[in-house]
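Structures given as structure tokens follow.
Both of the next two complexes hold chain A, though its partner changes from chain B to chain C.
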Partner chain A sequence: MIWRIASFAVAAGFVGLWQLIADLKLISPVFLPGPDRAWTALMRGFATGDLTGKLIGTLEHMAYGWLAASVAGIALGALIGSSRLMRIYIAPSLEFLRPLPVSAIIPVAIAMLGLTQGMALFVIAFGAIWPIMLATIHGFAAVEPRLYEVARALQMSRPAIVFKIALPSALPDILAGMRLSLTVALILSVVCEVLAGLDGLGHWVLLSARAFRSADLFAGVILLGATGYVTSIAMSLAERRLLAWQSTR
Partner chain B sequence: MSLERAKPLLLPLAALLVFEVWIRLAHLQSDSLAPPSAVLAALAAALADLTIPIATRDTLLAAFAGLAIGSVIGLALGIAFGVSNMLDRLMEVTIEAVRPIPSIALLPIALIALGFGYRMEIVIVAFACVWPMLILSRTAVRGVEPRLMEVSRALRLTPVQRIVKIVIPAALPRIFVAFRLSAGIALIVAVTVEIAINPLGLGAGIMQAQQALRADLMLAYLVWIGIIGYGLNLALVVVQRRMFGRAAIAGAGS
Partner chain C sequence: MTLLARLDEAKVARRQQPLITFNGATLRLGGKTIIENLDLAVRPGEFLCIVGASGCGKTTALRLAAGLYRPSGGAVTFDGQPMLEPRREVAIVFQDYGKALLPWRTAAGNISLALEACGIPVRERPGRIAELLRKVGLPGHAEKYPAEMSGGMQQRLQIARCLAQEPTTLLMDEPFGALDAMTRQGLQDEVLSLTAASNTTVVFVTHDLDEAIYLGDRVIGLLPHPGRIGIELDVNLSRPRDQLATREHPEFLRLRRQLFDFIKATEH
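Now for the complex of A and B:
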């Protein structure tokens, strides 16, 4: 507990240092607003509702894209992972695509769908699907083989095997993949908003930068950091909840 | 090549063939799709007239410079936090507050502070590379066999000697795994920054091809970026196997 307080004190010290640098104008205030000005901008943004709207926009992009990716990723991963034949024929191609920087798909998506909301959702879902799908395939492949033998002995149907044995035992992998995707979804949301001028924090920070409103810019960046932090905490909580049965390990 | 090894290639080849035939038969005129043969031709042409090699050099230059800066900072912090429990606990809140900021959100800040060009891209890549390096090297240092630390105490090594002679060599295989991860991130972030805003390198090239409605060139860039990403990862995996052998695989698994 003492450590926690000390740790917060250190963080507060850094904010103080930031304030000092800004006050002494060591770095031009055009580039670096003090924490006081960033905070005021943040509060003003919330009071007028400007920033609230942008935040909701970004969260929407992120959530829709991520949810679509989760559903499709788990379904495809289960399909590929539960069949030996598909694993042999398809999985290597997927592994080949894995190191591709997903943002490179953005120009293709723009060419096909234009600078639209649909383009953003496609890009976010496309980027976020990989970690989930590959984790699902891996999880399915790593299921204890004896469980499959039991299933065969019990003459379970293939859907029953998937839902009662493979999915639960692959769940830790799948959740880890979903957590990874969450970060990807946030980053791609910001990039798509920057490129397509969609309503969201990415667009907000870019406009603020173009107008040299550095306080608004930092307010947006702080909010993006907070979004990343809160979503990752929520994911950890969900993970702990869903994997409670696993605690014997 | 045996049949077993050819199997994974069947699907992509068949898909390309179907795609090619479908576009040829449908006489599709599109701004977003081009037959694989045209993409291949565009790739060969762009490689020959040096546009793609120059763009690749720019992208890799920015990615590697950022990777170098970011991993040195991340490694130094990771070792410091791994060795000193006190420092780790004191900095925890600060680190946890800065880490979740998506690297791309720094783009506008880097833009007004540094303008377009290599520098802003390098800064953003470096920021993105610090975190995996920090977290994984901290874990690696913590995982150093405690008896080695006892030996270092028995030998009365100074803290610097202990880090250089014991901690770094012992943690190196896992630090390299972190480096490989960071290298992948560096390339992704560099391309993303270029696509989003920076008029430089492969990312800018693919955006220009899209805006010029050159679907074949755009897809050629896409394929090339994929090859670069795959090649970089493959090269690092080979280096890892050569340098660390079994230790590296054990490190990657844990």
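Now for the complex of A and C:
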């Protein structure tokens, strides 16, 4: 509890420092608005509904891309992770693709799909799939072999083995991967919006910067930060609920 | 002879037929012969103990009987059929209970796994689970996760899950090896009464010679490299067995001496 209060105090200190720098005009107000002006811009944005629309746009990009990455990543990861042969054959190719900067495939995606929502979905999903898929592969490969023998002794069917043994066993790894991907999805949503002019906070930030509306710019940035923070907390809550059994260890 | 009498005779003959047989069973793994030419017959309802120095293939023999391994030569049969895959009427209790239980399921959930595999309808499961938990002395622990239970409780839970399969045969691989002496004795007596009540056939692997004699109708000692039978002892001690009286019985001490001498000889 004390630590929580302390951490809030530190955050408040930073905001105060920001206000001080803005008030002293150490940096021109054209580039750096104070927290007061940023807050006013944020409230105005919500009142007119401009910012709300952009926020929803970004949340949609992020959610669709992340969900697509999760479904594909878990399915592929399960397939590769549950077979030693698949791991041996496919792992090297994955190691080649994984460190590839996603920004490098954006031009390819734009060339193939145009400046469309489909392009954004592809890029976000492509970037966000790696942490999930690699975590799932690891999770499936690390299932206690004894549990597979228990399943054999019970003559469990193949789907039953996947859903009752392998998947729950790999779940902590999968959720950790999904948490990492959440950040990747947010970053790529903004990048796609900036590059393709798609409706969203990325686009808002870009236009505000070009028009020297620094208060609006900062309002957008604050909202992006808040989005990352809130989704991460939601993910933690989901993890704690799904992995309640781990807290008993 | 009437038809009925003939049927009865056939039934008796069937009952006396061995339940599990090893006919010259050989197992090679990775170029090493683990078990060679093993001949063994387990009678229905019998409590057979297998002992031997470490590396003599006693666990391997049990895995062959379970259908977890297929013999490289010879045959292993169950009820007259070749044992090529595990079957539900044969349950296995593993030594490492911590690894054999699902940590994300409660005690009730772990037992449910076996009931689900056996196709028991959902509404019958809670009753069966409560009954099984009571049988192994874990009533009131249904909602506990394995990590919240002691080693002895976890092994009881694994036994309950095996009993949920309603097996005719229980294969136990050093089930009490990792438990303290007191817990161990309690569980020995519980396994004896549980299996006697249901007339379950048991093959029990252990490295504890006293335990083998205390539990078994028959004790088999394996010789190592490769595993084969070195000694076979019939245990003619009355049942129910008693932790003090049985262990002090002259016959118990005689068998113990014989078995210790055998094991000592194999270790050189």
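Here are a few things to note about the model shown:
FYI, the second predicted complex is superposed on the first by the 242 of 249 C-alpha atoms of A that agree within 3 Å, B and C clash if a C-alpha of one lies under 4 Å from a C-alpha of the other, contacts with A are read in each partner's own complex, and residues count from 1 in each chain.
The rule is simple: contacts are C-beta pairs under 8 Å (C-beta built on N, C-alpha and C of every residue); 3 or more make two chains touch, one makes a residue touch a chain.
Just so we're clear, the structure is a prediction, and the values are computed from it rather than from any experiment.
Look at A:156: by the touch rule set out above, it reaches chain C but stays clear of chain B.
When the two structures are aligned on the shared chain, A:245 is found in touch with chain C, with no touch to chain B.
Shared-chain residue A:146: touches chain C; no touch with chain B. By the touch criterion defined above, A:187 reaches chain B but does not reach chain C. Contacts of A:217 after superposition: chain B is touched, whereas chain C is not reached.
Looking at the shared chain after the overlay, A:208 reaches chain B, while chain C stays out of its contact range.
Of the two partner chains placed by the overlay, only chain C lies in contact with A:164; chain B stays clear of it. Using the contact criterion defined above for the overlaid structures, shared-chain residue A:107 touches chain B, although it does not reach chain C. Set side by side, chain B and chain C differ in how many residues of chain A they touch, and the one touching more is B. Looking at the shared chain after the overlay, A:93 reaches chain B, while chain C stays out of its contact range.
Overlap of the chain B and chain C contact sets on chain A: empty, with no shared residue. Touching chain C in their complex are the following residues of chain A: 144, 146-147, 149-150, 152-156, 160, 164-165, 168-169, 171, 243, 245, 248-249. Residues 3-4, 6-8, 10-11, 14, 30-31, 88-93, 96-97, 99-108, 110-112, 183, 186-187, 190-191, 194-195, 201-202, 205-206, 208-209, 212, 214, 217-218, 220-221, 224-229, 232 of chain A are the ones touching chain B in the complex. Contact residues on chain C toward chain A in their complex (touch as defined above): 66, 68, 85-88, 90-92, 94, 96, 99-100, 102-105, 113-114, 116-118, 145, 147-148, 165. Across the complex, chain A is touched by residues 7-8, 10-12, 31-33, 89-94, 96-98, 100-109, 111-113, 184, 187-188, 191-192, 195-197, 202-203, 206-207, 209-210, 213, 215, 218-219, 221-222, 225-226, 229-230, 232-233 of chain B.
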